[in-house]
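Each of the two complexes below includes chain A, the first together with chain B, the second together with chain C.
Let's turn to the complex of A and B:
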């Protein structure tokens, strides 16, 4: 320390700068090494194992080429899981975004207890999906659950909810909308508050009504927010697992089976690791497709304002 | 005239809509709470008892008799604290390097880190499990922590935070002879404590609620985290006993809900600004 003080500040800086490359590598080393071992390597291995028959207990790895993927093509259960996942994604994403937008518009007005209501709407978001789904599992109970009790009180026929292969997936979607609505609302609210007030004032002077102002100012200027939400929600929805595991376990009759649940079953209940790796690759392809879409869309909106 | 009527009507309908949706949002929490504290016959009463007339702790006693909830708490806590503190410490140094230094392959390494966000644990779980089984980390705390020792999101957020700091601050510290390590820990860290707290909160929440990876890597019941404990508490053979189940759910969600009630404004802002994914 003392010897460094004696040099001129310029010399000290020069010395420090030359040492910075070393510092830089030293500082990023923990993250790079940990990610290399626990994130990057397994990513590559997933691709690799998808071409293998993996027998973990015997420690035997047999190369079988594209056989896992061929089997996937004729696997009715996996096909159903993929269709269910895509149905889930294409319903929950627009519904959450649409309802989130409407709520955000309401919350953009000034009213009493706004912060309290905001906190209430957001509370499912911070709750564990497993715990929340467990409560819904009880509420969906066909005999004593609150939903059917309420229907009975107003004289509507009781519904089978999770017990029916037609209603189980919609029931899971309703749960997920409840869980994610607050997030969509908060993001839209932030987007709304970023729109300059002058646009609305100018449009009002020009005689545009509330609905036209919403259609021609709010919607277009929220486009970047909408894009972000749709992409983010889609990527998360593709990975849906927790609520399906708790609410239905994929049933009845595979009507709510999803890709990650099937992957989990194949790998950790039936020990078909190679086959599960191939399923994981299919999931990855979906995520990659959405990410590429995001890349192009975010470029388009870079000059939105 | 018309306007003076329309405005209060609009106000009223606003409150009606906002209030009705709020009731729907809160219903599951309320239902969990009253199911947990009502005697068994009252739970199944028709019409439903919205306000419990008799209170009981029997369901909590039953829940504790069936599963070691304090152990689950401890496990969740250890895993969350472990992953948050490692992610913050490593992320702070990596974020500093990416924000302040210029070095060969900088962009490559940065994109490599961000690229891991595209390959979530849902995709890598199979290979990660095989890898960890080779080094004996299956069914250990280290195994649960393995994919969460560092966080790409953390590195990114901390780099953004450090970029806001004027370079003069760092230059001045260097002139005073402070080493780089000391600069990061004693000068940078306090300056970005808001970012650090936000990242810590989001990572803690993510770890606390994480389910898929823990349920894969844990076999023994004394290593279960809270979500795993809850999910496996449900009787798979349909033997319905909702009181203890809701008591267990309440036990596992209560701390996070209390933390949320205390700091909701801050938590909502943090999550809205950064997204939730760890």
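Let's turn to the complex of A and C:
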């Protein structure tokens, strides 16, 4: 056999041609090019901006090294935004995953109008976040909102919801769980339907009850699905913006300010593009670290049927 | 060359020339961006399709007015400027001006034209137009915003207060608010004596509490007409008293509540008896939203009898960005739209207060009770600072107000933090 090193470039090309490697690259080229233009290039630009004082309209870029990052370390508003974001992530991701799993198990059974209810639970996912948030803003209204009307009906004191610095973030989390639940349910449902029935049959013959089957078969075999959802939900949650922007604008008293909202304000309200880019880079590193961690951790739970 | 060939050559030449002639003769299009909806009464006339007809035919210019969402308009303008694809005229909130000036985004008004305008308009318009030493960056629109105390006369009467006598001092204000508050059987407040703005953009929160801050002798910056440098005067006894006033109304008097976040809407719905905000907005919305409401308008109360009242004066401006493609036509349109004749015509049509001194001498403005009421407020109006660190100052102050009223921090701690952040913003903007 002739090694690759001994082949001439022409032979290598011919070989690639015969294996349709070139054709494959040709077919994916449009996506790669567009991805490069609209994703990779802006990301590189953001990375570069983070080391500069950027005055976009004057076209003036002053290299300041790590100064933007040093400033972030002492920026109390950014620190609070980071804490709020992490609170949001660590709450919404497990709650959404857990409720999604429960719903998926319920929908895995056969019952009347199952598809209709599935569509009902999934519908928030296909609704515009901004439009849905506007509706929820009214639902949370302390005087006229449906939540306080319902609380009043059952004799519970009315709540200030988005008007309170203590309740605003939980209110946004409730909205986000409602919005994401359908997606988690569908993914879990797909995972459940991929588990071979013979595992359950064997366990049933061995005398395992429903709960034991769920604990020892369903949960372990859904581990790849859970990992995917945890990574996906974490990445999305770290980038939370729309619902915060519409529902509270980051208030009251910065209680719902999150990293993406803060960087948006730095960039488009205070025109500190370099500083905003540094915030974006910190967020990017955070997302990457979480993803790598979860990815390697998930390898332990890989399953093959 | 045969006759036929000559004809063909001439025809072809004409054919070639037609597009060039058409391009040369076509009207230029001047684009104008303004805020959609009823954000400012001064933008109402843009909805009139015939507004620019005379101008278009006289100057052979087509005007395209585009409504943008107010909440994101400032950001869109900046993004458009960065993309070098911006409108020829920007109709902007004066509180955005420091940010735009910081980026050197706008064309100045020619000195001679600025002088002529400043000489011809009334003092409050002059105050809003002048960015120091007669420098102007745009023309202020009619129907400027002056904040005033508005009260519901029927509700005053209902609790035994004289409907024609608004509170003049902070003590009276607190007493009136306590009398006016209403509760249901469970003790929940169903109507506040005074509605406060405490959520949303920090800018809006500061605007609505400006009267108390300045009335008590505090200030967002020490010099309102300085672009660079200076320091905030928010962490002062006056600033502390201003925040404490509402905190006491929340906790001690329980005459206001955090559950009524939109003062103007609450006032128009009859669930707030008093509020302090843009009187022009109440004037514009009341006939549609609360036709039966009888309301009064006065200066905001002062800490004690004899103190000088303070209120904020704001407006919208017609500006031309440096990157505008049709600057000459843009200035032409602005000057046409802001002539004394148009000022009179549009103010009369849209029930707005005029800008030119000469128009104030004409009816209906001369004897209109609302316009004359505004004239009582104008002398106490204070324009927002033009400091380049303005956005940071407003954010710091707005957050401090929120923290205090939401019991996240004490008055002292919140204002100390606001002072530090505001001064940092001022210092950063000067770099």
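Definition applied: the second predicted complex is superposed on the first by the 258 of 305 C-alpha atoms of A that agree within 3 Å, B and C clash if a C-alpha of one lies under 4 Å from a C-alpha of the other, contacts with A are read in each partner's own complex, and residues count from 1 in each chain.
Methods note: a residue touches a chain if its C-beta (ideal position, glycine included) is under 8 Å from a C-beta of that chain, and two chains touch if they have at least 3 such contacts.
Keep in mind that this is a model prediction, so the values were computed, not measured.
Asker: For A:30 in the superposed arrangement: first (chain B), second (chain C), both or neither?
Answerer: A:30 sits against chain B, while chain C stays out of touch.
Asker: With the two structures laid over each other on chain A, which partner does A:268 touch: chain B (first), chain C (second), both, or neither?
Answerer: A:268: touches chain B and chain C.
Asker: In the overlaid three-chain picture, which partner chain does A:138 touch, first (chain B) or second (chain C), both, or neither?
Answerer: first
Asker: Let me test your reading of the model: by the given contact rule, A:248 touches which partner, first (chain B), second (chain C), both or neither?
Answerer: second
Asker: Looking at chain A, does chain C or chain B touch more of its residues?
Answerer: Higher number of touched chain A residues: B.
Asker: Output check: A:165 vs chain B and chain C. Expected answer is one of first, second, both, neither. What do you get?
Answerer: Once the two structures are laid over each other on A, A:165 reaches chain C alone.
Asker: Per the contact definition in the header, classify A:56: touching chain B only (first), chain C only (second), both, or neither.
Answerer: Both partners, chain B and chain C.
Asker: Which partner does A:277 reach: the first (chain B), the second (chain C), both, or neither?
Answerer: first
Asker: So which bits of chain A does chain B touch that chain C touches too?
Answerer: In the superposed arrangement, which is not itself an observed complex, chain A uses residues 56, 268 for both chain B and chain C.
Asker: So in the complex, which bits of chain C are touching chain A?
Answerer: 74-75, 78-79, 81-82, 99, 102-105, 186, 188, 198-202, 258-261, 271, 391-392, 395, 399, 402-403, 406, 408, 417, 421
Asker: In the complex formed with chain B, which residues of chain A make contact?
Answerer: So the residues of chain A touching chain B come out as 1, 4-5, 9, 12-13, 16, 19-21, 23-25, 27-28, 30-32, 34-35, 37-46, 48-49, 54, 56, 103, 106-107, 109, 111, 115, 117-132, 134-139, 141, 144, 146, 149, 152-153, 178, 181-183, 186-187, 189-190, 232, 236, 239, 241-242, 245-246, 260, 263-264, 267-268, 273, 276-277, 280-281, 283-284, 287-288, 291.
Asker: Taking the touch rule as given, give the residues of chain B at its contact with chain A in the complex, in rising order.
Answerer: Those residues of chain B that touch chain A are 11, 14-15, 17-19, 21-22, 24-29, 31-32, 35, 43-44, 46-48, 90-91, 93-94, 96-98, 101-104, 106, 109, 112-113, 116, 118-120, 122-131, 133, 146-147, 149-150, 152, 155, 171, 174-175, 177, 180, 184, 205, 208-209, 211-212, 215-216, 226-228, 230-231, 234, 240, 242, 245-246, 249, 252-253, 256-257, 260-261, 264-265, 267-268, 271-273, 275-277.
Asker: Could you list, by residue number, the parts of chain A that touch chain C in their complex?
Answerer: Per the touch definition, chain A meets chain C at residues 55-58, 76-77, 142-143, 157-158, 160, 162-165, 248-249, 251-255, 265, 268-271.
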